[in-house]
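Two complexes are shown next, each including chain A; its partner changes from chain B in the first to chain C in the second.
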Partner chain A sequence: MAKPKQAGPVTPRPGVPNDDVSFDGLAPGVCRIATSAGVALLAVSVGLGATEGDGFRRFLHSYLVAFMYVLSLGLGALWWVTLQHLVGARWSVVVRRIGELLASSMPALAVLSLPIIASVLLESDRLFPWVDPSFMQSQSALAAKRPYLNPGFFVARWAIYFSFWTALGYWLLRCSLAQDATGGTGPLDGARKVSPLAMIGFAITATCASVDYIMTLDPTWYSTVFGVYYFAGCVIAIHSAMVLIVVFLQHRGRLTRSVTPHHFHDLGKMMFAFTVFWAYIAFSQLLLVWYANLPEETVWYRVRSQGSWFFVAVVLVIGHFGLPFFGLLSRHAKRHRASLSFWAGWLLVLHFVDLYFLIMPTFYPGGVSWRVPDLTTWLGLLALFVADVARRARGRNLVPSRDPRLAESLAFENS
Partner chain B sequence: MTVHDEPPPRIVAPSAPVLHGLLAEYDDAATLLAAARRVREAGLERWDTFTPFPVHGIDQAMGIRSTVLPWLVFAAGVTGCLVGLLLQYWTNAVDYAWIVSGKPFWSLPANVPIAFALAVLSSALTAFFGMLVLNNLPHPWHPIDLEKRFARSTIDRFFLLIEAADPRFDSVQTRAILDETGPVLVDVVHEDTASPFRTPRAVIHGLVVLLVAALVPFGLLAQARATKSRTPPIHLVRDMDAQPTVKAQQAFPRFADGRGARPAVGGTVAREDQLDEHLTRGTIRGAASRVFPPTVAADRANMGAGRRAFDTYCVPCHGYVGNGDGMVAQRAEALAQGIWVPPTNLNQDHLRRQPVGQLFLSVSDGIRTMPAYGPLVPIEDRWRIIMYVRALQRRSSATIADVPAAERKALE
Partner chain C sequence: MTATPVSPYQGRPGGENVFARITENVARIAEAPRPPPAWYVAFGISVALLLIFISNLALVAWFGVGLWGTMHPVAWGFPIVNFVFWIGIGHAGTLISAILYLLRQDWRTAISRFAEAMTVFALVCAVVFPGIHVGRPWVSYWMLPYPNQMGMWPQFRSPLEWDLFAVGTYATVSVMFWYLGMVPDFATLRNRAAGPVRRVAYGIAAMGWRGSSRQWHRYERAYLLLAALATPLVLSVHSVVAFDFATSQLPGWHSTIFPPYFVAGAIFGGFAMVVTLVVPARQFFGLASLIQIRHLELMNKIILATGMLVGYAYAMEFFIAWYSGVTFEQFAFVNRAFGPYAWAYWTMILCNLAAPQVFWWKAARTNVWVSLAVGIIVNVGMWFERFVIICTSLSRDFLPSSWGYFVPTAYDYLTLAGSFGLFFTLFLLFCRYLPMVAMAEVKATQPSARVR
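Here is the complex of A and B:
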C-alpha cells in the first residue's frame, strides 16, 4: 500500500492547531550526525578491541551490553504501543507515533544482533560458555539443559523473536499510518484486535530473549524473575527516551502545542512507577536467593557483592532507585521539562549501569574491568539506533493527526 | 427564690429566618467556571461550587491552593518505614535475639517487606483520613440540602454558594455579582432552624450500649492476663498445635496399660540390638559400664565429634558447659510460667560419679522430661557426647595441676 508522503510546508490539520508535526526539516541533520557518530564510535571500539589481542573477546562483551541496551529501547517501545492499543489509551495519542517509530526499529536491531549470533554460529565461547559441548557435558545439570542450550535452537529462537517483533512493530506502525491517510477509527481496529495476543507473545519472547542473551552467560544460574527484571528496565528506558525525544523536538519547535505538561506528567508517572517496580523486582530476586541460601543461586550475588562490583551494586540501589524515587515523587518534578528530562537522562545512564551489572560480572568476577569500548560501543549503537528511527520518521507526521481521539488527547488534563 | 420548674425550650421555634447564603444555579460547566472566576475576583472567600462531575480547571478558577496532604502522606510513609524497621530491630535483635536460618539477628533484607508494607499502610491511611479531616468530612447535614433544586447538583446542574458569613458578603451587592454571571436562578438559602438539632435519645442509648459492649473484650483480656487457667488456650487455627499425638512419656488411656510410649512387640530386634551389649546398652553383664566401648577410642577426633554433637543436641537446654543454663532454659525461666522443670546440671557430683554406661543409657532412652536421643543421634556419637560430658565435668573442677606442663608455662 502506497503511503501518502507529506511534503512541502506544513498545513494546519484538524485537531492540531498551529503546531509543527513534521520531522522533515530535522531528519537529514539528525540522520547524518547520528550515522556518522555511530559509525565512528563503532570503528573506535573495533579498533580498540583489536588492540586487546584477545580475538575480540573483550569487544564482544562490551557489544553485548550495548546491544541489550538498544534492544531494551526497541522492546520497551513495542510493549508501550501495544499497551496503548490494548487499553484504548487516549492521553497518549499525541506521543503514540513516536513510540510507533521506535517500535518499528526491530530490523535494524536484528542486524545489530548479528555479532552475537555469529559468535554462537562460529562455535566460539567468547560470550556463551554453553556453545562448548565439552563444557555442557561437565555437569549433569548442564547436560539436562542441552535440548535448549545449543547453537541450532538458539539461532532458531533468535529468528522467531525478531520475526515476531518486526511483524508486530510494522503492523502497529502501518495501521497508524493508514489512519493518517483515511482518518476514522477503522484502520486502528487491526492494531486493537492484535494487541491482546501480541502482549502475550511479547511477554514470552521478551522473557526468553533476556534469558537467552543475559542469563545463559552463566548456564548453571537461574532466576525465574529475570525476564521481568529486564522488562522493568525496558519500560523505564522507553518512557525516559520518549521524554528526551519530545523535549528535543520541542526545543526545535516541533510539537510545542501538542505535548503539554499534562502529557509529561503521565510519562513521569510511568517513569516513577517503574522505578519502584524495578526495585521491587530486583529486591524480590535478591530476597529469595538470600533466604534460601542455596549455593547454585547465591553465586550470582556473591560475585556481585565483592570488591568493586559491590560499589556498582550500591550505585544501583541509590542511583537507580533511591534518588529517582525522591526526585520524581513530586508532581512539580514530573510537570517541568527541565527536571523531568534531567531524571530521564539520569535513568537512561543508570539503565546502562544496570545492564553492565547484569552482564559484566559474569565475565570479570574479580571486579570492574572498565575499558573505553564499553562506553564507545554503547554510544555507537545508540547513535545508529537513533539514525534508524530518524530515517523512518522522515516524511511522516510526528502525531497521528487524524486519530479521532487526538482532540481528547490534546485537551487532556492531568490534575 | 423561685424555682424554674419548666426546662428551657430545646427547639428554637421557626421564627425569623437566618440567612445562610446565596445559591446560584447554572446549566453548564463553562458558565460556572466563568462565574467562579468572577466571584474570586470580587474577593469573596467563603464560597463553594457543586457539580455533578469533576470539572477540569475548577481548582484554578476558584483559586484553590494545593493542599498539605501530600506532605502528610510523605511523612506518614517515612514514619511507617522507620517504625517497621525499628519494630523488627527491637524484636529480633534486642528483645528476643534468636538466630534464624543462620542469618544475623538483624538482617536488613528480611526487614524490607515489612517496612515497605508499613510505609504503604500508614501512607494509605493518612491519605484517606487526612482527606476526610482536611475536607471537614463527614458532614452529615448542610442548609442547602433543604433546597429541593439542589438535588440536581448530582444530575445535570451546577451550583455556586456564597455564605453570608463571608466578611465581604452584602446581600445586595453579592446578589448583583451573581446576577451578572448568567445563572438560571439565584436563590436565598436560610439556616436550618426548623429541624431539631438534637440527636435522638435512641441513638444516644445505642451508642452507650455499643461503647459498653466494646469494653467487654478488653475486660476479658484483662481478666485472662490476671488469672490462671488449666484449660488450654483457644486455638482459632488449630494447625500443628493440636496434633493427635502422644508426647514422650505421657499417659494415653486408649491403651490397656495406659502407657503412651509402646514397648517393643515381643521378639522385635531393634536396629541397634547388636550382639555388643557394651556398645548398644552401655552395660557389661547387666551392670552399667564404667569404661567406654573399645570401638570409641579416647582421641582428639572423637572428642571433637562429641563436642559438635553436644553443641547441636544438648546445648539448647544444658548450655555450653553443661550447667543447665541453655537458651531454652533461660527463656523458660524468663517466662516464669511455673511449669518448667530445669535441665539437669551435668557437673553435679553424683553425675560425675555415675558410670558412663548409665549416662549413655539416659541419653539413649531419655530420662525424666528429657526425650530419648537414641533414635536421633547415631550410636557412636552418643558415646562421643558422653566423652565430651566427661571432659566438661573434669573441666568444672579442674586445677592448675590438670594443665599439661607445656601449656602451663604459657599460662603463667
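Here is the complex of A and C:
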C-alpha cells in the first residue's frame, strides 16, 4: 500500500501507521492535468466569448457565476477550518489538512477575481449597472446608494476581503504545518486563539462579498438574509468537495485507513443538515418577499418565476432540496462511499445551478440563455482551483500526523 | 477522574461507586422529607405572583382588554411581547435535548432535564397570552379548525394561524421528550420509594420500566427519532413567530433575516434562562458535583456565540435599511435608536450585545455569580428586544398623523410579573418532586460506563 518516497523532504515527515498520507506521487499528475484542462477550458471560453461580438459581456456573466462558485469553495473551507479550531473538534483531525489546503487558496482566488475587478475599474457596466453614473442618477433610491456603490469603495472592499481571507488561510495552514514539524498542541494554539475573532471577521467579509458580487447586480433589490443564503451554499459545497477529494485519494491508495466510514458519516450529516438549512433560508426569503408583495422586492422573484427560469427554480426545489434530503437521510447512504460521493457530486452540480439562478436572471430576464462558456468557464476555474490546491499539497502530509488528537480522530466511532 | 475508573458494578453504594453516587445525589432531593428553606421562600413569592397573574387575567376577562395600554396604533402591546419572550425561552431546552444530542455533546446530560422542564413551563406561560389577547378568551377555541354550524373557518393564510400549529407541535414534542427522558429515572425513584404512595405514583409514571436491555434498546431508538423530529422544531417555531412580523409590510418588521435571527435570539435567551435557573438550583440542592463549572462555562460560550449571531442580525438590519435607500426603512431604524423609544433600544443593546462580551474571559465564564448576573441581564435584554421590535415599529409607521406612543398600565406590568409567578411555581414543583438531573443519561456519559 505505502509507496516509497524518492525525493524526500529535508525533515522526515512522520506519517500515519499503515497508511499513505503523502500527496507527492500524485501531485505532478494532478497539477499537470488540472492546469492544462483549466487553461484550455478558459481559452475556449474566451474564444467563444469573443465570437459573441459583445465586448466579452456574455463571457463576464459566465465568469462571475464560475468565480462565485470557486470562491464559495474557498470561503466554505475557511469557515470550516476556523470552526474546527473554535469548537475544538476531534473527529475531524484526519480531514482537517485537506480543509486547510483548500482554505489557503485565497491568493489564487484573488487572481481569478481580477476580471471582475477590472470590469469595475474600467468603468464598464458589463457586470454591475451601478458603475454607470447616469444610471445611478435615474432613481432617487439609487442616488442614495452612491456612498456604497462606487468603483473606488468597491475595489477597496475587495482588497480588504482578500487580504483578510489570505492572511487567515495562510495562518491556519502555517500553524498546522508547524505542528507537523514539532508535534504537540502548542503550534495550534495560534489557530485556536484567532478562531473566535476570525469567525466574526469571516461573517462580516463573506456577507459583504455576497452582497457586493451578487446582490448589487440589481442595485435596487435588497434582502437582509442574502449573506446567510450564500453562506449556506458555501457550507454544502465544502463538505461535498471534501467527500469527493477523500474518495479520490482513497481510490489512489491514500488515506485508506485514516478516513473511515465514521468520518464520511459526519461529513454526510453536515451535507444533509446544510441542505435543509439552505432550503430553510431560501424558503424564508421567498415566503416573506412573496407575502409582503413590495414592488422593489418582488421584482427579483418575478424575473425568476417567469419563462424558463421557473423551471430552473423547480429544479432547485427538487434537486437542491427534495432529492438530496431523501437521498442523504439514511445512515447507510452517508456511510458508503459510492452513495455519499454520488450525492456530493450531485450537490456540487446543483450548487452551480443555484448560483446560476442567483446571478443570470438579472442579465437575462427573458429566460434561460444558455451558452457553452457557462459550462467551460465554470469547469475551467474549477480546474485551476484544483491545480492550485494540488500544488500546495505537494511535499506535505494529507493528515496532520503529529496532532496529539489524531489517535482519537483515527479511532473515532460514529454511532 | 481517576486513571482506572472503578467498575460501576463494584463498590459500596455511596462510596467509590460513581453510579450509586449519582443516583443518591439526584434522588435524595425528591425523597427528602422537606426541601431547603430557600425553596419555601421562593415558592411563597412565586405563588403570590401566580395569584396576581390569575387575578389580573380574571379582571381582563371581566372588564375587557381596555385595562391594558394596548391602543392604536400599538395594537400588539405587552401580551404579544410576553408571548414571544416566553416562546423564545423554551428554545434552549429543545436545542439541548435534540441538536446537542445529535452533535454528541455529552455535557448536555447534566442540564438537559432542567432545560426541557423549562421549555414546557415557558410554553405554558406563552400560550396564555394570545389566548387573552384575542379579547374574548372564552372563544379562544375559535382559532382551531373544527366543523361548526357558524360556517366559520380559520384564516389559513395568516401566520398567526400557523403559529397555533407550530406552537402546538412544539408543545407536544417537548412534553414527549421531557417525559420519555424521565421514564428510567421515575423507575429509579419507584424502586427507592419508602412509602406506598410514592411507589404507586412513581410506578405509574414509570410505565412499567424494568431496565431490560430490550427496553433500553427501544428507548434509545425512540430518543434518537424524537431528537431528529425535534431538531427542525428548534428552527420552525420561532421562524413562524418571526413570520407573524416579517410577512407584513411594516418597516422594522418586514425583513428576510427575521426567521434565523429570531431563532438565534431564542436560543440566546433560552440559554440565559437555563443559567439563571441552574445557578441557584445547584447551589440550594447541592448539585455542584453533577452540574459543574465546566457545564456553566460551555453554556456561557453558547450565550456568547448566539449573542454574536443576534448582533449580526442587528447590524444587517441597519446596513440593509441604509443600503435599501427606502426612506421608511431608514426612518424605522433611526427612530428605534434615537426616537421616543431610544431608552428601550439602548437597554436592549446594552443587555444583549454588551453584557455577554464579558464571556470572552474565562474568569467570567467560570464564575457562577457573573454567569447568573449576565443570564438575568440577557433575559431583560431579550424581553426588551421584542418590546423594541413591536412597539417602535407600530407606534410610528408611514403616516405621521397616525403616530402614537404606547404607555403600559399597571395591569400590563402585573400580568408580566405574574407570568413569572406561573413559571417559577411550576419550576419549583418540578425541583421538589421530579428528578432534576437525568440520572440515567449522566451515568451513560461517565468514564466507567464505557465498557468495551
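Things worth noting here:
The criterion applied here is as follows: the second predicted complex is superposed on the first by the 400 of 415 C-alpha atoms of A that agree within 3 Å, B and C clash if a C-alpha of one lies under 4 Å from a C-alpha of the other, contacts with A are read in each partner's own complex, and residues count from 1 in each chain.
Here, a contact is a pair of C-beta atoms (placed from the backbone, for glycine too) under 8 Å apart; a residue touches a chain by one contact, two chains touch by 3 or more.
The structure displayed is predicted, hence computed values, not measured ones.
Bringing the complexes onto one copy of chain A puts chain B in a clash with chain C.
Counting the residues of chain A that each partner touches, chain B and chain C differ, and the larger count belongs to C. Of the two partner chains placed by the overlay, chain B and chain C both lie in contact with A:L287.
Contacts of A:E413 after superposition: chain B is touched, whereas chain C is not reached. When the two structures are aligned on the shared chain, A:S134 is found in touch with neither chain B nor chain C. Counting contacts as defined above, chain A residues 287, 291, 293 meet chain B in one complex and chain C in the other. Of all residues in chain B, those touching chain A in their complex are 56-57, 59, 70, 74, 101-102, 109-110, 112-113.
Chain contact summary for the complex, chain A toward chain C: residues 140-145, 148, 196, 200, 203, 207, 211, 220, 222-228, 269, 276, 280-281, 284-285, 287-289, 291-294, 296.
On the side of chain A, the complex with chain B involves touching residues 283, 286-287, 290-291, 293, 329-331, 413, 415. Of all residues in chain C, only 102, 232, 235, 239, 243, 246-249, 254-260, 308, 312-313, 316-317, 320, 323-326, 360 touch chain A in the complex they form.
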